[in-house]
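The structure appears right after this line, and notes come after that.
Chain IDs A, B, C and D follow the sequence of writing; residue 1 opens each chain.
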Amino acid sequence: MSLREECGVAGVWDHPGAGGQVINSLYALQHRGQESAGLAVTDGRQVRGHKGMGLVAEVFSRDRFRELAGAAAIGHVRYSTTGASLLTNAQPLVVRYHRGGLALAHNGNLVNARRLRERLEEEGSIFQTTSDTEVVAHLIARAGDRDLPEAAGWALEQVEGAYALLMLSEDRLLAARDPAGIRPLSIGRLGDTVVFASETCALDALGAVFWRDVAPGEMVVAGREGLVSYRVFPPRPTNLCAFEFIYFARPDSDLDGMNVHAVRKELGRALFQEAPVEADLVTGVPDSSISAAAGYAEAAGIPYELGLVKNRYIGRTFIQPGQDKRSQGVRLKLNALRKVLEGRRVVLVDDSIVRGTTSRHIVQLLRDSGAREVHLRISSPPYRYPCFYGIDTSATSELVAAGRQVEDIRQLVGADSLAFLSSAGLLEVIGTDRCMACFTGEYPVRIPAGTGKHSLEERVC
Amino acid sequence: MSLREECGVAGVWDHPGAGGQVINSLYALQHRGQESAGLAVTDGRQVRGHKGMGLVAEVFSRDRFRELAGAAAIGHVRYSTTGASLLTNAQPLVVRYHRGGLALAHNGNLVNARRLRERLEEEGSIFQTTSDTEVVAHLIARAGDRDLPEAAGWALEQVEGAYALLMLSEDRLLAARDPAGIRPLSIGRLGDTVVFASETCALDALGAVFWRDVAPGEMVVAGREGLVSYRVFPPRPTNLCAFEFIYFARPDSDLDGMNVHAVRKELGRALFQEAPVEADLVTGVPDSSISAAAGYAEAAGIPYELGLVKNRYIGRTFIQPGQDKRSQGVRLKLNALRKVLEGRRVVLVDDSIVRGTTSRHIVQLLRDSGAREVHLRISSPPYRYPCFYGIDTSATSELVAAGRQVEDIRQLVGADSLAFLSSAGLLEVIGTDRCMACFTGEYPVRIPAGTGKHSLEERVC
Amino acid sequence: MSLREECGVAGVWDHPGAGGQVINSLYALQHRGQESAGLAVTDGRQVRGHKGMGLVAEVFSRDRFRELAGAAAIGHVRYSTTGASLLTNAQPLVVRYHRGGLALAHNGNLVNARRLRERLEEEGSIFQTTSDTEVVAHLIARAGDRDLPEAAGWALEQVEGAYALLMLSEDRLLAARDPAGIRPLSIGRLGDTVVFASETCALDALGAVFWRDVAPGEMVVAGREGLVSYRVFPPRPTNLCAFEFIYFARPDSDLDGMNVHAVRKELGRALFQEAPVEADLVTGVPDSSISAAAGYAEAAGIPYELGLVKNRYIGRTFIQPGQDKRSQGVRLKLNALRKVLEGRRVVLVDDSIVRGTTSRHIVQLLRDSGAREVHLRISSPPYRYPCFYGIDTSATSELVAAGRQVEDIRQLVGADSLAFLSSAGLLEVIGTDRCMACFTGEYPVRIPAGTGKHSLEERVC
Amino acid sequence: MSLREECGVAGVWDHPGAGGQVINSLYALQHRGQESAGLAVTDGRQVRGHKGMGLVAEVFSRDRFRELAGAAAIGHVRYSTTGASLLTNAQPLVVRYHRGGLALAHNGNLVNARRLRERLEEEGSIFQTTSDTEVVAHLIARAGDRDLPEAAGWALEQVEGAYALLMLSEDRLLAARDPAGIRPLSIGRLGDTVVFASETCALDALGAVFWRDVAPGEMVVAGREGLVSYRVFPPRPTNLCAFEFIYFARPDSDLDGMNVHAVRKELGRALFQEAPVEADLVTGVPDSSISAAAGYAEAAGIPYELGLVKNRYIGRTFIQPGQDKRSQGVRLKLNALRKVLEGRRVVLVDDSIVRGTTSRHIVQLLRDSGAREVHLRISSPPYRYPCFYGIDTSATSELVAAGRQVEDIRQLVGADSLAFLSSAGLLEVIGTDRCMACFTGEYPVRIPAGTGKHSLEERVC
């Protein structure tokens, strides 16, 4: 539960208040990134952008809506980088080049960005950000006389990695997804309006009806001629990120046609089948593990109980006073219900263990609140390998499961028993065409030798 | 679910970082008030305060902690008033008078405040706020040569209504509760440190152990001589607010020794006993009705499902763009899971119906998402009478249940069936010594004729 | 030049946008106080206020204007206090009492405030600020059945000290000046509208025409019956603050019918008569001493030159980086013109010397920029005694002239020669009925024994 | 007095707190631009920047200083553009390219920027700002294997126009000035530290000693090898902007070895020689025309008087309430001294007339304040042609002197008489090698046909 997603993207084509609709979509995608938010709008003549640090509600005041009028727009929410150049890296990136203006919003990570950037720099390009997205913009600008869709296709053929990418020119909105389909991207319709979003919950927020996903390797172009589909890459095996199902996506979103909450509940059921335990109650770590915990409880026939409550108001601006920060920090964020837990044997369901520290604190919190036994059940396999496709995992050395047996981890977190869902069990539920790299080390898109966690410094999204 | 609580209070005695500890308590009480936050601290020589508009995290920066050093402190969070004088009414109120400095933090409402204030004004007093609390401060200042505990007792004898009241002087912290015990106030211990808080979840946040509640009519005084209990009023029947159980308190708090989550689950069970219905799934309105919904589902043997998801990021600063605000507003805050609901007969559990508009929107949202039937079950009786004890209900004319039969309400909200928990069923679970005024119109503390919703204008807390 | 004024007050009666007009007046009085600004307005039914920390332009956004509608208003700007309770002490103070609402805005200092406050506290009053103004409010509230003008008169009879005081009720605006007339207060007219302000430059800003000053000991009441004058005190010798002429007032204001710039030029002329010196050029310390320097130059027949330039942008928010702050700080605020000064004998005119450090830095700056001789001429007598009437001077121990001969001071500041204008010379120009306490120690209003710099702690205005 | 400068640049080489020293320089250059401020620093390994909207003091908090550590830095202040992309265009521009990092800060305007940009876009470049500076960065990046000084020289050979340009890499600071020397750029020394700044007043602020100006067409490079001078262009006639003398530069700065205040005084003297008038007093429009007015008065033997006072606190954040904004706006900014003006014949000296509206308001203000005659004297020739070299003048159609005779202008502004200083008279004082384009239409650097006021849209600096 301490992984940090990535980013979220949304786009609206052919709506008189496209900017406002994109902002509403970004509200629904806020869980995918809370550090910066941005919008680019076109009124048919010019592409203009506004972005800022903070939540969507902080970045967009009523004044900004009015300024950014137009019938097409794209937007972006992003997770945090460090350093002084934070705002510079916020998206959408807006550039001007020989065809006019272009805005880009990107969720994912390009594994060959560094190499492409070096080549571009050698050819005389300058870079003002450290984001992959700028590499794509340069490639498009260097595509010569091709029109924008062709230029974009030509550019995408050169990049490798994971992307859900939206691009906006004065007269077109382009939505592309990497050939492995690692990051999700859906299309919805609301009358004549077309909506693109990282997750379907953003379509719901606008009252739009889900139409279909952008296919892996496909680029969908909205323009005067309507919607046109380009196959940038031939069909190949696809690999939607398993962690979108397990943790990132909102429970009310559908991924590949499957509802995320329902999937998580199934994961909980499968987890019970693999690792049953005698206990008095099942509880989940809020909010992400509630569904899996309910599934475990139902399958086990053990009552599901509210054992932990999360403080809804401990957010980004939280400053904790006092000395004994470590353990009190957890107590401020999570509280355990002694009346529920006292003297009971508890199954604690969590979606994953990354560094292990939070798990240890929660197990201890349950014991301090009277739990007689704490059996930790994880609704995914051990997280052992870094992600190069857009998730900000710790370095391998910080992953508690890397190079450790389950029993070692159990001792570290202090649980009476510990079990992870198996890879097979996971795939049984979410389907086999998934990216499981963080569990298995099998990367569907080849990682160049010497690639660090991120292909460009300070890169997160 | 559209009632607005009141306020929350917290106090810490004998801790080197008392101010920081009170702020941590206020984080845990933030659900009781999100408009303003304040702190008053004493270092033994002076009582100083700081307050501001916004969440605890916004009002207290790291700098403020350092400034407000001292071994005793009280704090306050408050819900919103209207008008320009918002900050003026924030608490704690800090005054200077003949005995020195005094800070007051108050949750509740005094029904005779207007009369007392008129009397004080006639005697030459000036008022700088519109809060009841200032009335109490004046009375204490006019208590003559009595020492502070006696002066406070003398003042409390004159006020009528509901209060959980903390007072801080240079060398004492006083905690008082009205004789009917309408508002809750608990005491915890952490080594030598004594903690007072509106709810026990704030004790947990500090790692303090619950000791006991301040008794109705009692005033507990912490000072050099330790903790001293004063019986300001003789024992009488008490009436803790039923709505604290139903809606206000955090599920991880205990009220009168009962865990709030467990109580709510029991209310759901009782609701099923009174109003069963054949259905495919049970779902609750997040977050407050989840426990009751789970109880209903368990009792009914119908699966509990996640039918509605709440956007965690739609908060106070939310500005909604676009035209069709009304219905889209609900969609931005709540989303329904079509995959879960489609074609199903749904029991929707909510804790209360106040104005009815939100209920109508949610019922419609479920239908739009494919629910075949929507059976609304409310885990409390119809809310028919205004509260004069510190809850910001609408005027009687706005209460949808006032003067309406259940069938009328059902038609208004558009449900297939509607049932409320009976008063008897409610009291069965929460105990008989409760304030049920909003359901029955029987006010445990007499309301003076001509009293409006609040005894003083702009008054909320 | 390091004295800190006091405060400024303004009031407008009978204007549809009274609040906006007061704010415009406060812009013109901003030099009298830059720490906080506030406004109170009545619409005939209610007195409402808004105040905040910062410049007028920072405190009043466009939104605030709209909220504060009404036909009468008073406002206040204030200089800084220290401590956490800054906003609490900002003015106008708005209270409610038995006659309704009352707002007070005060420039000056009451020397018997502490005694009055102790008496009021003994009688059961509570205080929420540390300002004298609250004492006046209490007295008015305790005036019994008298109507407001009588009550205010009765209250003023009890206070001693310096005040220009504006008070606003639902239906009246009162303007009072202490019997010695220490602080200035003028009346202007603009059609039917009546304007009150600390200085006439604020009348000019509104396009109002100066009508007359509020007389010492007079209270002017604007109400339904028009303007009514009350003589609260019998005529007595008056003592307008000499320092208003010398330093505080804006050069475009008139005090007692005399233009401040013209007065300062005369002071410069008189200073030359008393202390001529052979030199090549005269220069003044900007901005306050430019007029006196010009007068000196004209009288001496020596060219006036721009020897020092002040950085207009070094204001309250200035944070200076780097180590060598002391001397660089002066260089950032003031720059000397080497081309003008090099090899020249310079007369440097300043209006006063308080602590002496700034003078020393400036003399050194001139020498570093090539001045061959620096003759310092001060257009007022040595400042030797603290002010108890509303000016924030340092304690006596910090006044460089207290207990020092002119020659000693000359050595400290490093000038080739030093001369002050004599008291007689000063009075010759500004008139004899002035408060000269800071120069002579003769206080026109008796200071109670044991009075500190300010009669109440943290008190400045 | 309604021209808006341009920008200011400063750079510091070899100082342990270079960033802080540059910020101090920017304080001194704040008059050259108040909309945005920025800084770029190198610690030898990386070039990092921070910029923001607002005054220097608003953009740089204490935290920022600490983050931006390094021994070399450049900074920039800028005047306003319009549109949403304000922050994007703030400087320094920081880019990364094949040699590493590069920051650029530019005062001036490139007349062939549009053509260069089109060529670069055709070659595949993308632009993220609308500033000329980005064009220079692209050219440098495309200079192939040349080292940075050679690459910069190669780039500068291609651009035409006016520039004082500072560039910072990890290990060098470059300072270049256009071959006509239109914008000023000086070098100072402080021990081993080298300081570059648009004006010498910024050298004074650091205590640095003026060493020499960067010569027109020269590029000075500070690096490990010390200071190296490159002659990018052969010597040619130079043309320092005449308006720097007349209006822009601070009076305490020296331009081409001449003190600006002394020059302005001479301009006043010359103006009297050309256009004497019988009058009772001379006054100047503050602050820029005070020196010229003093010169006129001295030459005429007429007393110089303070006739107008400027409100020091009416700044960028000023929001004016009320209806009658037009005339009241001037009264809030400037006040006239009736006591000084009444019944007198007044010579009003101003430095220039651009649109004429402000002049008309001031003349009227003097008459309203009792002036019997108002003789307007302008210390420069009629401003008739737009500037293409970095000054934000109005379009030709808005220049009141364009196509109008002096008598027409006199009638428009309402003065009793009006005279401008002649071009010959101006050149007599400031020297003949100046840019007089705005007066004569003779542009020292050819303006490409079809060039608008600015070569790139939204371009100001």
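The rule is short, and it goes like this: a contact is a pair of C-beta atoms (placed from the backbone, for glycine too) under 8 Å apart; a residue touches a chain by one contact, two chains touch by 3 or more.
Not measured: the values here are computed from a predicted model.
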For this session: Go through the assembly and pull out the chains touching subunit B as well as subunit C.
Result: none
For this session: For subunit A and subunit B, let me know how many angstrom lie between their CA-based centres, rounded off.
Result: 36
Exercise. For subunit B and subunit D, what's the span in angstrom between their mean Cα positions?
Worked result: 60
For this session: Among the residues of subunit C, pick out those that touch two or more other chains and give their numbers.
Result: none
Exercise. Among all the chains shown, which pairs meet the touch rule set out at the top?
Worked result: A-B, A-D, B-C, C-D
Exercise. Considering the complex alone, what residue numbers of subunit B touch subunit C?
Worked result: 48-50, 67-68, 83-85, 87, 93-98, 102, 118, 121-122, 124-128, 130, 134, 137-138, 141-144
For this session: Would you pull the subunit D residues touching subunit C in the complex into a rising list?
Result: 17, 19-21, 23-24, 27-28, 30-31, 34, 55-58, 60-62, 65, 201, 204-207, 250-252, 254, 258-259, 261-262, 287, 290-291, 294, 298, 303-304, 306, 309, 311-315, 317-323, 327-328, 331-332, 335-340
